[in-house]
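Naming follows writing order (A, B, C and D), and every chain is counted from residue 1.
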């Protein structure tokens, strides 16, 4: 699971290049950094405000891309911090600390990948797909409704599911149901095949993905979320219950974890935002 | 950031004596807020280089005789003016610390104190002895900080830190095994009078005290009406506890004259200056070190004598 | 301001029983933060009318047997997350209170408790008796809140509030003279365990406890390097103490089941809800009432059952 | 000293109409209130920000004038609160609580008044002079330098002193020295006369005014400053040491106090801003 990027994390002041709604409930932030940075899909950064606005803890967001000196994120407004983030104008400064955590392993010769992304769980999988995706892989994205789908980011190779149907852009369609139901449907067409699952999204979705993989004996990697203090392994705040009995950290052992190593029963009890949907 | 005030004459980056050791500086990181001193070595900052640059000491996460799994999640809760934590002293345990962490600490050369906790006074002696046996040759190992905030099973679960006799016993036990290293007693603020605890630490042979450990606090999740943390209350730290920390440090300094390492809500040079103004010998950065691993290094740089300032 | 959460079913403006009295509401003002209940009558607000509208109770500034001059200035210090005060219990003294303030309180009709403090346990009985004799007929006088945070001269200066025996004695003394009024013991948070104090108050016959009084805090003036307050430390109150207050209220409610009046950092409806979530019977507004005399009235209005909300 | 205004204080949200530098080191704020308010010279208001910016305590500022539904203040940047106030733009909302405190007594048939105003101590005396001033009165304003004098506010009836000389506007002159030295000089021209002093400004100036009055047996009213919690008499934070032995409150007994009732020795020890000059 390691696949560390060439360079270590940096702590720096970034300048907001763009920040705005991408689709219903999903914002995109582009942040210019003082020097170039590398990242591997699945890694995240801790973002914070400066001066009097500084929050006690940074906010972990997955890195979507690094392009032309700017690092990009997708986020939904979940509480105080992200709602203040949504109000930040281009030119403003933010504290950037990243890239942090492990990452999705790059392509190997194993079976094709089944990518399951839910809502703002998209960045790790989109980045992976962009770098390593192959024709044989299946990339699925799920949202509540068509207007919550960032169509412009998703190439036609992405299949889309929505909880409730509605208007889709010309030439694009959406399956009505959960992203896991869509996976079931698509997998039924290729019954002979083995898959490796990569999943990132809300906890119930991760749970369903892990169950699906376990039932068929496939491997499954999930990107987990936990409340974070530091993001770099020193506070032991972001623990995820391990099947082995103790804990994994979301920020150092993760955020990419093998679903088989997680104690899903205990994990449920600790959802950072009960009922939340990121 | 304002310039250093005229009354401030300390060189926080100069070597200074604490007990029988010479420590390289007065800006430290607090226990539990910088791991085992090993997790920041590949992090970089344009201005401050390494997070370890200029640090006087890293106090490790508290080590217990056996590994501890700690508390269920969520373990952290951000507050408007600080944080609540309920890590539950999760740590790798002494033997794993000695086997896996010490060698790397030796290589890294970062000055450190080991924070120790136990569930009975004897634990402190035993752990100190084991440390001395394994780490005794390490020049960057300066001693121990006794975290006296756990329940004392030998005394029916009363916190070590609230009973002067127990504080004295624990300090004496560690002191006996560490004649030539620093022994600090880290005191809890959750008491009516902290001075008797500091005096007890001195009677037990401690070279000084660290003040303060976290306050006890609670946060309610308004959506559910229930406490955010599964164990209801947790350790309250960060800016909101600073006035309390300053009051405790002031009491100890003025009533005992002991060396005091001040900690509580320090996030910038001004915060550190408040503690030094009251006579603190050194300061530690806790919660703020989580948000920004360069906080302590930045403060050390900011408070360096004018000649050395960037 | 968010809507009242589903779990919240209390009508904070409905009469409720505390001990042998029926109080008109559950949103109160805290001692020392609304004078003697007389200084806000000519202040007006577009939305909330009078600052007394909907108040369950005003707790008066603490009264002592003799008038007290209080501490030198400065007495106040604003902090980023609260305030420090060193008023020093300045008050007009019991006889002047009875002669000058009570008649006006009688005319105004605002429900009130009188906060009492003394320097020896007997003071509480004597003051309660004097009050009963003079105010016994006043329907809006509901009883007393014993401020147990002063040094007990009879016990060598140890704070009343940190010794369970003294808490019990003081409560019993007041109770004996006030069989049919509310007796509340206001507890200090500056102790290792608050529950034994609450239990002592119950043994002494108190109807409930108020938690918390101020923490001990200190602020340094960075220009001079000296404490801002002439007495160095003072009472730390406001938003930064709320996590501590919540933890103390939770402990008392869960371990004793006594009626608890919660106070600490309440400045809005959400803050009050946190205390009610933990089972507080009523809440008090302190520091925030200084900034805005309508804070308590506003909270009472905000938390009123849906039907009555503006 | 009472002369209370017709209406009591109100707590309301005001909207900033104008806020900017009037002269070097002196800002003027005009705040629109939802309903008309009366005030008497010497009274003050507690101002605060709203929402997340709200300070623990309001900031006391003397009322300069009420005109066309707006209440005006003069202030200098002394610390965090006033520096944030200086950054507030028209249209922003501020919490207003006033008018508070007692006021300068209106005109009576006694001797003429000698007005001594220093820096941002100007509002009470300017307001009084505007309402009650007569030819026979002497109105003096002192500042550090000519560019710190709000010339546009001061009619030609105001004499001006500056610590260090410099360019003055056409037709205006400034005496070089303290405002009390200027008073001495002007009084020397009318040696037969009795005066009543009204003084408002930094503590050393008030001290000097009180001494001057006491030496000649004249009455002297001063407007005092103390750290305030509430502004309406409930916290006992703003005490001024009284000659009688106990305390006067700046917010209820004052801010206008008879200099003879103040214990000037103890008062000195409590200057809220040592070395400050408001």
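Couple of notes before you dig in:
Operating definition for what follows: a contact is a pair of C-beta atoms (placed from the backbone, for glycine too) under 8 Å apart; a residue touches a chain by one contact, two chains touch by 3 or more.
Values in this document were obtained by computation on a predicted structure and should not be read as measured data.
Following the contact convention of this document, B is the list of chains adjacent to both chain A and chain C.
Distance between chain B and chain C, defined via averaged C-alpha coordinates, is recorded as 35 Å.
Centroids of chain A and chain D (each the mean of its C-alpha atoms) stand 59 Å apart. Rounded to whole angstrom, the centroid-to-centroid distance between chain B and chain D, based on C-alpha atoms, equals 49 Å. Residues of chain B in contact with at least two other chains: 79, 82, 223-224, 239.
None of the residues of chain D touches two or more other chains. Taken as a graph of touching chains, this assembly is arranged as a line, each chain contacting the next along an open chain of partners. Here the touching chains pair up as A-B, B-C, C-D.
Taken together, the chain B residues at the contact with chain C in this complex read 2, 5, 7-8, 79-82, 84, 159, 162, 188, 190-192, 215-220, 222-227, 232-233, 236, 239-241, 243-244, 246-247, 250-251, 270, 273-274, 277-278.
Per the touch definition, chain B reaches chain A in the complex via residues 32-35, 39-40, 42-46, 61, 69-70, 72-79, 82-83, 85, 87, 90, 223-224, 230, 238-239, 287, 289-294. Taken in their complex, chain A has these residues touching chain B: 8-12, 34-35, 46, 48, 54-58, 95, 97, 226-230, 232-241, 245-247, 252, 266, 269-270, 272, 274.
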